[in-house]
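Below you'll find the structures, each written out as structure tokens.
Two complexes, one shared chain (chain A), two partners (chain B, chain C).
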Partner chain A sequence: MEIEVIKLIIASIICWINFVVVDTYFGLPKKPGVSGAEVIGKKIEKIGGNINGGYFMGNIVCSPDASAGTLMAAIFYYAMGFEGGLIAALLIFIGNRLCNDPGYAGTIGTITATILIYLCSGFIEPQYFIAGMVIAIFTIQGFHHAYASKLLGSIAKKMGRI
Partner chain B sequence: MNVPYTLIYFYGISIISSIIIGILLKMPLKPNTNSFEGNILFPTVFVALGLTAIAEFLFGLDIILCVIIGVFSALFSKYINRIFPGVDYGN
Partner chain C sequence: MDIVILTIGTIMVIVGLRIFLTRSRALKLPYVCCLNFCMAALIVLYIKSPMGALTAVVYFISSTISSNAIAHTIGEMKKIEKTMK
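Then we have the complex of A and B:
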């Protein structure tokens, strides 16, 4: 029982770092890709958050970026093995293009997530990454919007991507 | 972990043939994360990997099929801007 909880926590930390770093690197906090993302960013700024973190969260909602990519990679890896992650990357790329996004963040986030799941496969099984990614996305989108956007804004500033 | 070397060989053929066809089609060399144009590495390599994985599950791989996938993914990436065009927003 304890070992399962530890695996789940480690998997969610790996997923969180993967999608936040990839999404920040490819410029999600910089500008909204569609008008829905801009509305979400402005709304989060109004309730006391950071505008760049708000754009980040809006872009996550409006297009399948590295967050959806990590989740899809975990599901496909669970269902089909390593090759499943590659199929997930192709599907995420097409989804990105349908959502007016060049597709770099989603595709590369899916590939890095697949590689991370493969490297951890001796210790943490892929199903823990599915649950771990749900927890990771909950800490950003569900827990406390203003605080999460400030955290994402400060990470983006530290990485120099704003 | 036992690594399946034959599969890596087939995936390598797909990637290399897609890059060679990409060079022949004069696709841009440098990735530009703000543009919707395809370039030699993105999305060519990722389309080739994904299609090879789908082909492996559906038919099994051989060299001819991998080369065909490479050619197709280079063409797909060359015209990606017409297949899935981006719209100007916020520019």
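Then we have the complex of A and C:
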């Protein structure tokens, strides 16, 4: 039981770092991709959050970015193995194009997540990465919006991507 | 019960309740996004096959497009309200 909890925690930390770093690197906190993301960002700023973190969260809602890419990589790795991750990258790219997004963040995020899951495959099984990604997205989108946006804003500032 | 499914189910119930409790329409969308993640994960955990993974990705992308459309509509409505004043 304890070993399962440890695996779950490690998987969620890996997923969290993967999607936040890739999304921040590709400029999600910089500007809203569609007008809907701008509305969500402004609303989060109004309840006491950071505007750049708000844009980040709005962009995740409006387009399948590296967060979705990490989940899809875990799902396809679970069902089909390593090749599945590459199929997931293609499907995420199509999804990005449907949402008027260039699609770099989602595709690169899926590929890096597949490589990370492959490197951990001796110790952590892929289903822990599925649950880990759900926990990671819960900490950003479902726990406390104002605090999460401040954290994302400060990470973006540290990486120099605003 | 498996710890993976138990974790996802617990998060899903919490997020589902928070969708009902949140008043603002724009702030409901991040919770809905989190719910979609849980739903796609549960689909593939119950149907462990390539077809299950495909179903999950189709569900996830189509729900993201719906969220995109809803968020876009809220943004356009705000613009219309501004010009009407």
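Everything below uses one rule, namely that the second predicted complex is superposed on the first by the 162 of 162 C-alpha atoms of A that agree within 3 Å, B and C clash if a C-alpha of one lies under 4 Å from a C-alpha of the other, contacts with A are read in each partner's own complex, and residues count from 1 in each chain.
Basically, a residue touches a chain if its C-beta (ideal position, glycine included) is under 8 Å from a C-beta of that chain, and two chains touch if they have at least 3 such contacts.
If you're wondering where the values come from, they're calculated on a predicted model, not measured in any experiment.
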Partner chain(s) touched by A:S35 [first = chain B, second = chain C, both, neither]: both
Which of chain B and chain C A:G27 touches, first, second, both or neither: first
Chain B versus chain C as contact partner of A:P64, first or second or both or neither: second
Touched partner set for A:I44, first chain B, second chain C, both or neither: second
Residue contacts with chain A in the superposition, chain B compared against chain C: C
Which of chain B and chain C A:I137 touches, first, second, both or neither: second
Which superposed partner A:F93 touches (first chain B, second chain C, both, neither): first
Footprint overlap on chain A, where chain B in one structure and chain C in the other make contact: 34-35, 38, 80, 84, 91, 94, 98
Contact set on chain B toward chain A in their complex: 1, 31, 33-36, 42-43, 46-47, 49-54, 56-57, 80, 83-84, 86-87, 89-90
Touching residues on chain A, where the partner in the complex is chain B: 26-27, 31-35, 38, 80, 83-84, 86-87, 89-91, 93-94, 97-98, 100-104, 107, 111, 121-122
Interfacial residue positions of chain A with respect to chain C in the complex: 1, 4-5, 8, 34-40, 43-44, 47, 57-58, 60-64, 67-68, 71-72, 75-76, 78-80, 84, 88, 91-92, 94-95, 98-99, 127-128, 130-131, 133-135, 137-138, 141-142, 145
Complex contact set, residues of chain C against chain A: 3-4, 7-8, 11, 14-15, 18, 24, 26-27, 29-34, 37-38, 40-41, 44-45, 48-50, 52-53, 56-57, 60-61, 64-65, 67-68, 70-76, 78-79
